[in-house]
Structures are given as C-alpha cells and as structure tokens.
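Pasting the structures here.
Both complexes below contain subunit A, partnered by subunit B and then by subunit C.
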Partner chain A sequence: KKTSLVVVRSDGSLNLNTGSSAGARRLDQLVTNAVAVSASLLSTSSTSLAVLIHELLLYEALREGLEEEMDRDNRVCVMGEDVGHYGGSYKVTRGLADKFGDLRVLDTPIAENAFTGMGIGAAMTGLRPIVEGMNMGFLLLAFNQISNNCGMLHYTSGGQFTIPIVIRGPGGVGRQLGAEHSQRLESYFQSIPGIQMVACSTPYNAKGLMKAAIRSENPVILFEHVLLYNLKERIPDEEYICNLEEAEMVRPGEHITILTYSRMRYHVMQAAKTLVNKGYDPEVIDIRSLKPFDLHTIGNSVKKTHRVLIVEECMRTGGIGASLTAAINENFIDYLDAPIVCLSSQDVPTPYAGTLEEFTIVQPAQIVTAVEQLCQ
Partner chain B sequence: MAFRVITMKSGAMMATARYLTRRNMTHGGSCCGNHHHHHPPFERKKQQSCSRSLSGFWRFNSTKASAVDVYSSDEDVTNTNHHQGLDFPGGHVSYTHSLNFISKSSTQNRVPCYRVLDDNGVVIRSSSGDLESQLQQQPLISQQTALKIYREMVRLQVMDTIFYEAQRQGRLSFYLTSTGEEAISVASAAALSSDDVVMPQYREPGVLLWRGFSLREFADQCFGNKDDYGKGRQMPIHYGSNKLNYFTVSSPLAFEEACMTQLLLCLNSYLQGDFHAGLNFAAVTESPVVFVCRNNGWAISTNVSEQFRSDGIVVKGQAYGIDSIRVDGNDALAVYNSIRAARQMAVNQGKPVLVEFLTYRVGHHSTSDDSTKYRPMDEIEHWKVTRNPVSRFRKWVEGNGWWNEDEESELRSATRKQLLQAIQAAERTEKPFLEEMFTDVYDETPSNLREQQEQLREIIKRHPKDYPSDIPV
Partner chain C sequence: MALSHLSSTRSNRLLRPLAAAASSLCRPISTSTEPLVIETSIPFTPHKCEPPSRSVETNPQELLTFFRDMATMRRMEIAADSLYKAKLIRGFCHLYDGQEAVCVGMEASINKKDCIITAYRDHCTFLGRGGTLLEIFSELMGRQGGCSKGKGGSMHFYKKESGFYGGHGIVGAQVPLGCGLAFAQKYNKDENVTFALYGDGAANQGQLFEALNISALWDLPIILVCENNHYGMGTAEWRAAKSPSYYKRGDYVPGLKVDGMDVLAVKQACKFAKEHVLKNGPIILEMDTYRYHGHSMSDPGSTYRTRDEISGVRQERDPIERVRKLVLGHDLATEKELKDIEKEIRKEVDEAIAKAKVSPMPEPSELFTNVYVKGFGTEVFHS
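After this line comes the complex of A and B, so read on.
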C-alpha cells in the first residue's frame, strides 16, 4: 500500500507528503523531467531506475491515473458515451467497467447536456464524477450546464454545494476530422468563472493532472488532444500528482520565452532543435494550466529573456494566446523588449482537406521564423 | 466479449445504493411477476433469481421491451399473425400487414385525472361501491399531518401576498408567487421524507416551508443580506438549502437533470431537451426518481396549446418507459396520496415515476409580468375563487372538525405579523461584505481574485459617492 505521495513541482523539485526516510531516499532516483528521455540517456543512469519506472502510452497513463483514484476513493465514478464495456472511444476507460461495474463506469445516452448535468448533480450530492466528452466539441452542447451550473452553483448556493467534477475529453485539430470535430474549447470556456482548466501533453503530466483534477474540490476541465494519445513515455511507479496551477519548464533557455501547451509543445520542441542549431537558446514552457495562468513561472521567464512568443492551436480571436498576451502585457510590460508575438490558427473553421488543415496549424518553420524575427 | 461478473465493493458507491439499502432492509424483497426487482449494485451477487441478459454482461435488468399490444389493429390480430414476429434489437415484435399509423395521443380521450376531494372539499365516494376502490379513496392521512399541510399552505399564501406587496413597494427587486399551486409543493413535501433530495424549479417554496425553512430565512434570501445562505448572490426566490436537501434554484430551466438519488423534480420546463433526456436516462438506469410536472397551463405568456400537441405530459412518461399518473394538483389529498405512492414505487421497485399535476397559475409569472395582457381576467378570477386549493382543503379539514374560523384568522394574522417582522429585520440586516463577492468562486480564493478585490476596494475608497454606502467594504 502506498503511503507517501510525491508532488512534482514545475521546476522538477519534489515534495513528499509523508516524512518517511525510505521515501526520501527513493525521491533522489525519481525521474521528474517531462520530455520523453532518449533510451541511451536512461541506460547510463543507475540500474535501480529500471525498477522504478514503466513505459506506457498517454491514454494508458490517463487510465492509470483514473484507476488509481477510483481504487483510492469509492465516490469516484466515470460517465460518458461508450466508456463502459466498450472501454471508451480512445480506450482511456478500457477495463474499468469490468473492474468497477456498470454503474460506476456509466454509459450515457447521446445527450451531453443531460449527462453533464447529471454529473454536476451527482457531484452536488457527494460523488466525484468524471464526465467524458467523446470529443471536446460535443461538450458545446453542455455549455449551459458547464457555465451556469458547474461554474456557478458553488457560488450562488453560498458555498453550500461543492462541485468536484472533472470534465475531460480529446479536443484540438486531428487528422482530417472536419470542423465540428476539431474544436478548441479552451477558448470558449476560459471566461467561465468558477472552473479550472488544464491541458495535458505528456503521459507524465496526463496522469499527474488527472489525479490532481479528481482530488480537487473545484470543477476542472482537462483538455486532452486527439493526436497525443499514443505518445509513449516512461513514468514513475511511485504515486505522484502534478500541481493543477503550475506551468512546466520543458527547456530552460536565455534568449526567448516560448509559451505553448498541448500538441503545439511538440511543434515548438521540433522548432527548438532547429533554433539550437542556428545558435538560439529558447526557453520553452508548457503552460499546462489554462485557467488560471501560472504567471509566476511565466513572469520569471519573461524577466529573464524579455521576449515572448506564444504558440497555440486556438483561433486568433479570443483564444488562450489572446488572453495570455493581455495578461503578460498587463503584468510584465516593463520587462519586455519587444511586443509579444502570438502564433495561432486562423479564424476559419478547420477544413477537412489534409493540405488545408495543415495550413491552419502552426508549423515548426513558422515558429523558427518568428523567433528569428523577435530576436533581431 | 466475455465479461466477468465482479462483485462490487461493499462500500456503498452511489447515494442511491446507500439510500436503497437503508430502505430495503425492511422490504420483503420478492421477485414477482413482471416486476423486476431492483437491488443495489453491490448486492447483485446475492440475487441469483433475477434474469441476466442473454448477451452475458449484466446490464440493467429490463433490456427487453415489455409486451405492449396497444398498437395491434383490430382486423389484423388473428391467431396466426400474433405468433409470428421478428427479433430485432430491443425485443420481439409481431407483424402486421396493415399500414396503420398509431394515432397521436388523443385530445378527446384524455388520460383521466386522479382526485380525492371534490370542489367542495368532500371526499368523493367511488361510484362502483366495492371495498377496494372505497379504500383507495380513503385519505390515509393523520389529523396532525393534514393540519400541518393546511397550515403551511396558508403560510405560503400569506408569504406570497406579503412578499409580492413588498416588491410592489420597491423593497424587493423581484418575486415569484405560487398562487394557485400551493397544494403541490406542500403536500408533495409532506409525502416525502426529509432525506429525499428535491431539485426544484422555482415555484416550490412550499417544500422548504414544510421542511422548516423559517420566514426569516426566506426574507434574508430575498433581501440578499449577510444572513442569506446564498450570501446575496442570487435573485430573490432562488432559495437553496443543503441542510434541508433542497438544491439551490437555478434559473435556467431543466437544469435538474441530475444524479441518481431519490429526487422530487419539479418541472415546468418540459420542452427543454434535458427533460426528455432526463426521463429517458432515468428509465434506462432504473433510477428511483420521482419526476413532478406542474402543468399549470402557462409558460409565462405561452399557453399549453402552443407548447405541445400531446395529451399533456403524462403520455410522455409512457413513451419513455416510465409509469406515470395525472393528478388534480389543486387537491392536496390527491397530491399527497399520489406522491406517497410514487415514492414507494420508486424506492421499492427501483424505477422512475412521472407525476403530472394539473393546476392553474393564478398569479402572474413573476413580478415582471402582467398576465392580464394575455389572458382574460375572469379566467383568473374563476381559478382564484372557485378552484382555490387552499380553500378546498380547508373545507375538508373543517368538515372533519379539525379547524375553525378562529384558528384561521389567528394563523393568518400571526403569519402576517411574523412576515412583516421578518421583512423589517431582513431589510435592516447588513448586506454581505465585499469580499463575499470573491469567495466561493473556487474552494479557496485564488490570487487573481484577491487582486481584483483589492483593486475594487481602491476604486471604492477613491470614489465613495459613486458606490452604495451600505455595503461593508
């Protein structure tokens, strides 16, 4: 039985919840970096590392987090379309219905507003539900529930009812899924008071954020990305959670701060390789927490580099990048040497044609050009 | 796919399960006839007698459409045809060779309405005269309960009058009365237990009155002062009490699609999509929910004939696979009996039940509405005077010798006095502190909200004349 809980901070430092010396010793060997480490690098570390980590895909990491929380707390339950015996459209809940039963991993009818409302009501009466949207875009049908009830009922009831719900699902632009299945809901939801939004990008933070979201007393929307489910990474065996409000330092640097999240992180890292070859030293931060922004980490970075580039998948108008630009300008204008540049998708519905779809997504070459221009 | 049947953990998982266990402990638990018996999920391993679905995985018991022969046309049901049929997903259906459309639910032969008292407050004796129907008509209610129901109905009436007047005087910004529908909320609450979670729409303060919400607490919410449980964050009449198991009223209609615990749902919003999804899903999941519909004839200015073309709401229950009943909502005893029976069905048989109360919204939709603009005054008067639920129940209660004129005037004047005092006290009570604007958005006030709070304080300090002076900063 695991008795200690490791909390991984954004800078890679660790907190241990129970002061066991054995746990503290193991902490030294814990892998905390978030980018998938190359195999060669791992093999040079001590052999005991092989005992402490296991390799899995992102959707499996989500499931692990879900399963651990369901084991830990009887009140945790899942509801959504095809999450039960089918195992989930993206296999995130595979096997859970067998283990926990039909009622605790509940198949819902195709009525997003209704089952999200059901989840909210369940949360109000003491359960801790996780509502899965088969695709984030479908949760637009539940917008009323999310904004008027999920976000508000804790407030309007005067604190009498809490809503510890997690709403999750895959969003973002996939491979030719068409406009309605390529939505970036984070830009629509970001105004809703009372909710928190996080976006996972690696198996490591997927599991950590899932667990943290379930344990949070606030409603949390966890954004996954359709194209990231098969990412492979080695994650610790030790139980850990990631802080919901912290950004992740992916690559420390000196010349420019690149802020990104979800799938764009990988485009940025690819661009970073090119940039490093060209002699630049970008600092890459995966903001992870979309609401609220981790202005502490971001601010420290801005104060160091004085240049900011935001790379996102949202539309230009009203996206996360737009809000982030405003927030940084408001708070750190004195530290900026150049205006903030935000690379985002165009204000068009995502086309189906593969070539056109590619043009709507920010590509690494664009990022390299933007950095070069900013750093002139 | 083969599914292992895993016995559920003994820790109660859903509130339903917990609740049902407590309730089922006294129940015999027989699996009889067509009724499938509901067991809490973690007790499934004990009951081997109930059938499992043939496909192997244990889903909810009733996956087969029950035999309903309503739609066979008369000339077609010969013996040979009746046995022929096909298996489709959902069950066995027999053939028909005639191209007959099922006619829509009739507006001529409407579902009859259950009532106990006639318009003069006298128990209607069943005309058939047999003992069983006589007994069915007997109001099974104690004097104590009946008097409490009557008293709360009167208090609700008085409360509505006073608060409405207060709004007209400008002391309240908004109010919404339950005039003409007092029996529904009070008598329903009387038939439930205090554990039952109620998810109201907004015309059910009678439930709160029954459960002990004080007049002062009502006034506090309406005035939005610091004693309001909602901390002044909602419009008047948006009451809520976790303690009394009454969900905070939320204005968007049909938000009440909620959890699988035992609920009394008061809907008037049967056109919202959630109503249909909720009924449907409750039937599929066999949730012990009582759906209550106050069919009061009006959705603000839209008459029911412009709302739907079916025979009211009761037929929709059947469409979703839910047992339903239509009740005279202005008859307190009928309300009490029907909700009690519905609740028993829901708990003991583990299934949803739909109760449609026919009634009439005597008052305006709210203080923002003038209903004389869209309906005739004499119609309102008719319902207010001759079809009044309070006076009708009063006649029955007085007829039993349990009430008299003196007690009536005493109750009304005492309630009126209490209300006026409550209003005065609530009006004088301080409004919530400024910081309450920022608390409870999240469990702990985050830094950005603390910042915004400070900024607001600064602005108020700098321009005190532009901001209300009665808010403690």
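After this line comes the complex of A and C, so read on.
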C-alpha cells in the first residue's frame, strides 16, 4: 500500500512523486458537507478511478494516520486515558493496543499533569509520544507542562533538546455537554512560544495533519472537534501528508474572504450555499494552522477580495479571531475596504440547555447577515 | 575532575607516625585504588525494603576526587554569591553549598547514560555531570558561551550528552519529566536508570504522587531523590508537611533515608537504588542535607532559622570537612596538600570567572533562534 508520498498544497496543486494526472484532478475536489453519505449514494463508477481511494470516517482517518506512523517509526507511542484496552473514548486508537502492545499504546491513570509531563520527558530523549487528552479541556491540568516544558525547553536548553511531541484531543462545543466539557483551549495556548497548533476539520486533513504533526520536530497541538468524528469522506489510498503551516482553500471566490477553522467551517459552507443563491461569491479558507497563521494564503485572499469575515468557535475575548484580526490589520490594512468582522462564541460558560447552547456559538444565519452587511 | 596532573614523586616530606592501615612509608597524595572500607556516619533507615550495608567500599583516589569535586563546587557557589552581589548575575540564583555530597556521591555510583533531572538548584549537579566552570559562569552572566547560550540562566542548565536534563524553575514539574525519561529508558530497554531530584517543598506537589503512581504501575526504572534541606524556601518542613518522613510517603513504594552530608552514604544508597529499580521498580531516597545559603540570593536565610543552627551544621556535618578528616585520618594526603588543592581550585574558579566576564553577550538575532526547530517551516512565517 505504501508507494510514493503525496503532498497536497492548499491551492490544490500536488507534489506527486509518481501518479497520473487523473489522480491530480480527482484530489482537487475537496468534500465539504458535514452530512454522512449513505452507502446507496456511493456510485459504482468510483472503483474505475485512476487513483485508488477509500471512504472512511474522520476518527478512522486519524487512526489510519496514527497507525501508519507507528508502523513507520518505532519511537512513536500513544499515551492517554482509555486509549489502550478500551480503544479510545472516541475510537481513534481502537485496535492499536492489540497490534502494538502495552508499551506503545499506554493506558494512563487520570493524571494529566503527570502523563503530559512524562510524554515531554520521553520526547526529550528522542521518543515521539502522542499524548491524548480525553477532552481538550482536561489538558488545562497540564498547562504548566505544556507551557513551560513543552514550549520552552528547546529554547532554554539552547537548542539541546527537541520535543517532538503531539498533544491531541477533542474540544469545542458539543451537544449539551456542559460548560466544563465544551472548552476551546486554542485561545489559551496560542501565546505559548515554541508550540505549533493545528485544527483538523475533514477526514482528509485529519489524517494528513496527524501524520505531519508526528513527523514534526516541534511540539504540535492538534485540535479535533467532538462533533466532527463521524464525518465521512473519500481519501486517497496513497500515502500523503498535509503541510502543518498551510491554510486550506475550501471555496475560491471574489467578494469576501471568510476565514474559519474546525467545525465552524461547516456552518460557513452552509451559509455559503445561501449566499451563493443570493448572488454573493464568498471565498472560504479553512485556516487549519492556528499557530502560526498562514498569512501568505490569507494575504493573497485579502488582496483579492478586500473584505474579511472571521468565523470561529472560540470566545470573543482573546480568541484566535482576535489575534487573526490584529495580524491581518497589521499586515494588510492597505488592502481592506471595510473593517474586519469577527464572529465568535459568546463570552459565557457553555450552558446545558439546548436552545441556549445554540445561541452561544455562531450560526449560519448570522454568517449570512454579516456577509450581507460587509458587502454593502 | 582527574587527579592525573598531581605528581606522586615528591621527595621532601616529613615522616609522620604510621596509621594503622598504612603498611608502607608515608606517601605523597595517594592516587591508589586500593580498596578502603569506611563506615557511614549513621545507618540507613529503610521503608519497605532491606537497607544496604553501612560499610562502603571506596579507595584513596576516589576520596580525594570527592574532596576536589566538592571543594570546587563549594568555591564555585561562593564565587557565584559574590558575582550576584556585584550584579553580574541577575534574577534568581539558588546556591547549593552544603549539599555538595548529594550530587558527588550520586555521580560516583552511576554513569553518564543514567539520567539526572533536578530543579533549579542545579549548578553543582551540572558540574558533576561534566559541565565546565566556564560554561557555568558564562550562563550565569548571560553570555553566549553559556551552556544554554545565555538564554536559560541559573535555573536552566542542561547537558544532553551527559544525561543531565536540567534545570527546571517550576517546583515539582521536573518529576513527571523524570518519569518520562525513565519510561524512555524502559522503552529502549536501556538498563539505565533515572534520578529525579526534588526538594522537601516539592514533596507536597500532587504531580509527584501522580507520577509515582504511574511509575510504580509501569515498573519504571526511576529513583526519586528528595533533597531534604528542611526548608521549603522560608517554611520549615514541619510547617509544610503533615508527615515529613519523605522516604515513607511513597507508601507502596519502598524508601530509604540517607545522611545526605556523608558522601559515602550517598554513594552507597544510590548504588543500592540503581540495582533495586532495575529489578523492582521505583524507590524513594530521602537525603538529609542542609543548605548554608538562603533559598536564593534574595533570601538572607536567617529569618526562619537561627545562625547558631547554620553554624552548628557547618561545624558538625559539613561534607567537605568530613572527607578532609577521612583523608587526613587515613593518611592519604597532608593538610598542606589539601590546602594546595583548594588554592588550585580557587585559581581555576577565578580564571573561569575572569574569562566569562569578558566573553560576549548573545547576538540580538539569538532572540529568535531555537523557538522552533530549524528547518521545520515555521521560521518562514515569523513576521
């Protein structure tokens, strides 16, 4: 199964070592809808494609990426709560403990501070651990380890130690999980120097980012979303990785640049359908790389459309959107025809009641209204 | 720290009455490796294990190495004190004088493939792991020749090739890191061990017990060493810990209480611990030691303890004096020779300081290096 490596750039162009041009055309079409596709909709003609693909769910894509890297490099190991015998609370590590054994897929006790620290210590010696937080919010207990040891040891040791660790887990607002289980930690971690942060949103980029994060010599925090694990998509059989620092062009357009990431991508695409019907042509970019921002792709887009809307699930105060607004204003103020609008979640603990929870996060209707106002 | 440069061909020496053990004429400073068995000052106190014997095997060369190493460390720390007061060292500076026996005894029982990780009182531990005086003083003064290129400071000394993993400022955070090092050793089937050092203050950190639980569960080759100098900054141990028997607090994990001012006891305990953990999983060593300085240079060290206490410990338990007495008592060197060694050390330290003082500060561009690993894409995006 392992042939050549495919690196897909955000503009859809490919860097294939081998492979046909038919494959290149196929991979251009990025699947964006969040609805799981039923088996009957799978056409039989898909098997006659020049490029071999297979369909899977996002959590399976994560697992595939993880398994391939663990096969490839003995130093890769996974530690977290219930990742081993239980198979992972979101099934990302299902089957891996049987295949790789207890020393490579480690069930930890409920001690985030300790096992995150242990992962970092192991990384200092050259192992490549992947630390899973059962919910990203639990990693707040390991904040000291992530900030001081993970982020800073490369610097304070004058370059002696690298920390090739991946810290991953699901976060974001789910379905009435309550305030403590609906946290978005990207805004808390974004100031930590020395780490990279990426957010996956499709099975395709989930697998690609997982592999890239494991191969990176820098510590990477991979943000997954609780509600996206069952997304279905067709991805190539051939091995590929995604670039950690690049944003993904979801829908090219002319009128306005909409920057988003993780689950909000789907709210944006839903709003985009409505907007297209109303005659607008939004350009949608999934920024993917939360730290550092891909100002190259974003900048090119701003220079084209001159209007920016940021849609995120972070809180308004001190969120990713706030930093992104500042970064775009600093760098591209001359190209903006209107102030940047940032739609974020409300600055409240996520309530339990369903209706209230809906009001907390950005909904497609708000996105449509914001675009209409910006494009006046 | 070799004695290789000491000549053993002195001719004019006063004959002294023969000591019982010496069967030949009095010799100059001994480089002999003839085994010598010395009893530790007090027996070990065990917790859920059989303590090692009080009789420690050593030899004259080793004892003299101990003397030299500890005297160098002592001199280095005193010099750092003066440099701090002269405002050449800034920020936080935590001095280790009084505790030298712990790191010297530990080094004598292990190799450089074993890992050591400690907190911020790390100057002497770094020296013991093979660091040089110049590197130390350069780092303390923030120069580019420092072991962390001037970017770490007093609390961030590391030496990867000698298995020294730092150097950590946040109390207790180094213990889970240490368990990670031990995990990697087990993963790689190394047959090496990790010593994770922490203080009596850090012994109350939750993450320590979390890490201990995981280490015991997974049988990791880790030795937790509590350097109990009886004061967590300004708070005495009995005011901070309900149970100050730190060697017992592992509960299901065996422990050993050691006289941390006796370098031979430390050596014996660490040797015992290394053998133990390779077979049986974690162990806790409590080193009963003392620091003469305050917690750091901003702490006079006399508001929470009496000067009598400090001078009392200095008189009765000083680790260097103990070795000096042993050396003189077994006729391994004369007092003059030991004083000469100390003079030599003083000169070495002064030279290193002088060299470090004139060495350059880091280049401004160094501000941005080593944030990310070079060549991994992110440096391209730095604005």
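In this text, the second predicted complex is superposed on the first by the 339 of 376 C-alpha atoms of A that agree within 3 Å, B and C clash if a C-alpha of one lies under 4 Å from a C-alpha of the other, contacts with A are read in each partner's own complex, and residues count from 1 in each chain.
Just so it is clear, a contact is a pair of C-beta atoms (placed from the backbone, for glycine too) under 8 Å apart; a residue touches a chain by one contact, two chains touch by 3 or more.
Source: prediction; values computed, not measured.
Q: Scan A:294 for contacts with subunit B and subunit C and give back first, second, both or neither.
A: In the superposed model, A:294 contacts subunit C only, not subunit B.
Q: Does subunit B (first) or subunit C (second) touch A:77, or do both, or does neither?
A: Touch status of A:77: both partners.
Q: Please work out whether A:125 is in contact with subunit B alone, subunit C alone, both, or neither, and reply first, second, both or neither.
A: Both partners.
Q: Look at A:366 in the shared chain and tell me whether it touches subunit B only, subunit C only, both, or neither; answer first, second, both or neither.
A: neither
Q: Let me test your reading of the model: by the given contact rule, A:109 touches which partner, first (subunit B), second (subunit C), both or neither?
A: both
Q: Go through the superposed model and pick first if A:85 touches only subunit B, second if only subunit C, both, or neither.
A: First partner only.
Q: Quick one: is A:274 in contact with subunit B, with subunit C, with both, or with neither? Answer first, second, both or neither.
A: neither
Q: Quick check for you: in the superposed arrangement, does A:244 touch first (subunit B), second (subunit C), both or neither?
A: Touch partner of A:244: subunit C, not subunit B.
Q: Once the two structures are superposed, pull the subunit A residues common to the subunit B and subunit C interfaces.
A: The answer is residues 77, 103, 106, 108-109, 111, 113-115, 117-118, 120-122, 124-127, 144-145, 148-149, 153-162, 193-194, 196, 216-218, 245, 292 of subunit A.
Q: Which part of subunit C faces subunit A closely enough to touch in the complex?
A: Result: residues 115, 117, 146-153, 156, 158-160, 165-170, 173, 175-181, 183-188, 206-207, 210-211, 213-214, 217-218, 369-373, 376-378, 380-383 of subunit C touch subunit A.
Q: Any idea which subunit A residues touch subunit B in the complex?
A: 74-75, 77, 85, 98-104, 106, 108-109, 111, 113-115, 117-118, 120-122, 124-127, 144-145, 148-149, 152-162, 193-194, 196, 216-218, 245, 292
Q: Taking the complex as given, what residues does subunit A use to touch subunit C?
A: My answer: residues 77, 103, 106, 108-109, 111, 113-127, 144-145, 148-149, 153-162, 193-194, 196, 216-218, 243-245, 292-296, 327, 330-331.
Q: Once bound in the complex, which stretches of subunit B touch subunit A?
A: 1, 3-4, 6, 8-9, 11-15, 17, 41, 57-60, 197, 199, 228-231, 233-234, 238, 240-243, 247-248, 250-252, 255-261, 273-274, 277-278, 280-281, 284-285, 439-443, 446-448
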